[in-house]
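For reference, chains read A, B, C and D in written order, and residue numbers begin at 1 within each chain.
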């Protein structure tokens, strides 16, 4: 068969989101690839120049709908850096806890999405079932299922409701049992392993050069996690370790994310132990930001997210710039795809957990 | 039967004959009341069939796509209502627009709509698809999907909960119930 | 205990044609027509049509039930309810069927319209034709050919050809790749499928379903001596039916809806239907060749043969659904590797075992 | 870069000011694990190359443009995995001729960031492998993130 270009997208079951993967195929083998993005571009950064600082929090929730809390968190940290605000101790703990719960929820959505990518619908429904539990937790914490509007400049909006800790511990206990079920379905399944092992290997050196961060980088054996290497909030006081895998193939990326879910459960348990029972959860920020710059980076479920904000003395940011982890990982997707079969394309791209809202902005 | 309304009845081509005989059959069926009787049976039956097997297009745009996925999850399980997400627009009945529509996407979305076979419906899910939502002052977002394709049901919310999505489908049921979808011949 | 449909319907047709229609015609005065209706040729012809119709309707009903079974069983495997339209979801398929009736029929502008329209006809026709050879019980069958096993397998081989035609004629890159995959897959899996049947044929000494079942009734269910063959046959049959984990031609993740992407409306509905009709044929072949057909323990004799057969078919199909719920899709090169490197040698080993049994005179 | 050598912020500072005494100025702001500096337009590429090869800055986090109305700025956030330092380099470029050397040849990860900055600000990155519109449709004629671009008109 002669080589031909195939447009996979914008409407395609492989694209979790909305983009277009142009691939050049020779029979079944991909010889070249070119992602076409921008289908969700809404001028986020331009619009923030016309909003006051607190008004941007719900907008940053909608940057990535899979992990909305981490995005409003990184925005608040950047503005706090600009304004020079020190967040109260308890708010830091609540933020870190919400981060980890969000990480579990987001990884469950990723686990759900790779099921249909590999051709199995069961794991999709199992993961969605458990995701609902974490959405319920968030719902009782801040009233929304997905877009929370919970983080505030200088703290968080409200304290956890009564008996929330009890529900949380129960959910975590239950979830750890369910994790075994997933591993029985996926890790002990020969066909899953056949599809994922030795697929799209990426060496640590290449991954660093391509700017890949997050679980995809740690799957290539590079020990780098912003929570540990550039700690924010209270991560340096917690009892946890970084999850890495050395193989660099798709299965290693899968393993890293699964381990991260378990690790997040451990972190949340540790936070519950160490969190102060009482104390302020929020300080009042000034209305106008000083002239200067602020920058915050954190470990998003997908990688390194960074926000850079320039204040000009008014109540609106002069410039707000966003680094999306997926924006960079997606630019590296041709490297991952070249030489593989068409059938592997959804699993390779599904394994980097595509979320187009933050990529296109 | 009055042949004067069919002046070419004596010497007509095959196509003309087909048209002519269709008209004659139509006239007979209408005049004798058979049509009304058939419609009495077929309309509720077809209507019930259409209502209970709506296939939405598997097309996730933005935030609401996750709620669409949650809707097919075990807790909400939209397959109870016969809703199965299909990926090919040729096999779908409902276009679920679940997110903001940018200027780059608009031609593709319009084309998806055109690719779907009649009868088809459009559901605008979430604020962005209804009116642009939080991106009201964006230079790249189309302010509402109803500016270029007809929308049947609007589901407000940012994002709407899965219950709201199911409710939207049930409202679409009501709309279909009112339409004459299963009548045998056009009046 | 079984119902002989041929005897019953011959009698019924004779009574209808001679005693009712003939009598009426005779009363009016068409004596020549009355006698002509009573001749054995005409009676035979009408009986064949009526029996065919009955077998066809029963086959379609079973296929529809299989769709329902798949939806409900898959739903329970995934911890949800599945369809709830009608009592326990039984009416869902009828709703789907009524819906596709009112859908618009679109032929893509760039498609080769003749081949595009003919391909589903071939698929549906071939799938329904396979029902001719399948006996439900010693009395409920359409044809009793000496080579019925071979005929069914031959008809199975026609479908991928039509899939390739349809995929090519749709003028869509996904459908083209889907069609190519169907062709590649069928070459890899037709061979082990046929070779695993050879073992059965050697032991039973016939290519006729009735003889094979009769042999199993007098000896033992063939799944016991031919366990390797049964496994190879089941795996190849799943590949032949294009179901998960071997549903590469319609791989939803990468090829949208595979080779059928451009087919909508009634054609889509009928293609879906024929897929399950083939699923029924596949499961009944497994039942007939390896699980003793309508054979049953003697003390359960009061249950009719046909019910036994259908119960086994549903169990076999249930296992196929279970496999779908548990496994992801296998990749193209892996599926070919599996077919040529694992199943083919196993099928040959199976033949050797069959020959050994036969020469040792154990069966 | 030598293996397993880590530098503190102060060491990095002194090494850079040794190598680029005139072109690079450090800001007075001090935060843990952060480095703030402004660089010359012409010496940016050499500075980045020096930082990558000698000091172990192996990850380009973000390239963002800023329209300061009288001039353009490009802000680079470059971080080091071994030193745990994030450096912020601000480069001023003239507004009527926004051109700067691309750092994509050094860090492949900067590829799309530079494309996006071109897309939004119209800043030309010399030496970039494929400088085309990324997020916006190719037929757009304006650069939306410039301050004088009235987005309501489009």
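As a convention for this text, a contact is a pair of C-beta atoms (placed from the backbone, for glycine too) under 8 Å apart; a residue touches a chain by one contact, two chains touch by 3 or more.
Note that the structure is a prediction, hence the values are computed from the model and not measured.
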| item | value |
| --- | --- |
| Most central chain, Cα average position | A |
| Which of A-C and B-D has more C-beta contact pairs | A-C |
| Chain separated most widely from subunit D, comparing mean CA positions | C |
| Centre-to-centre distance between subunit D and subunit C (centres being mean Cα positions), rounded to whole Å | 65 |
| Centre-of-Cα separation between subunit D and subunit B, whole angstrom | 51 |
| Subunit A and subunit C, separation of their C-alpha mean positions in angstrom | 47 |
| Averaged-CA centre spacing for the pair subunit C and subunit B, given as whole angstrom | 34 |
| Junction residues of subunit C, two or more chains touched | 78-80, 252, 256 |
| For subunit D, residues that touch 2 or more chains besides their own | 136-137, 144, 151 |
| Subunit B residues counted as touching two or more neighbouring chains | 73-74, 87, 104, 137-140 |
| All pairs of touching chains, each written as two labels joined by a dash | A-B, A-C, A-D, B-C, B-D |
| Residues of subunit B that touch subunit C when the two form their complex | 45-46, 48-54, 73-74, 77, 79-82, 86-88, 90-91, 93, 115, 117-119, 181-182 |
| Subunit A - residues contacting subunit C, complex | 1, 4, 6, 8, 12-14, 25, 28, 115-122, 124-126, 129, 185, 189, 191-192, 194-195, 341-347 |
| Interface residues, subunit B side, partner subunit A - complex | 57-63, 65-67, 69-70, 72-75, 87, 89, 99-100, 102, 104-105, 108, 112, 134-135, 137-141, 158-159, 161 |
| Residues of subunit A that touch subunit B when the two form their complex | 10-13, 15-18, 38-43, 46-47, 50, 58-59, 62, 65-66, 109, 112, 125, 128-129, 131-132, 135, 145-147, 356-357 |
| Residue numbers on subunit A that touch subunit D, as the complex places them | 37-38, 41, 43, 45-46, 208-213, 222, 224, 229-230, 292-293, 295, 297, 304, 306, 308, 310, 318-319, 321, 323, 327-328, 330-332, 360-361 |
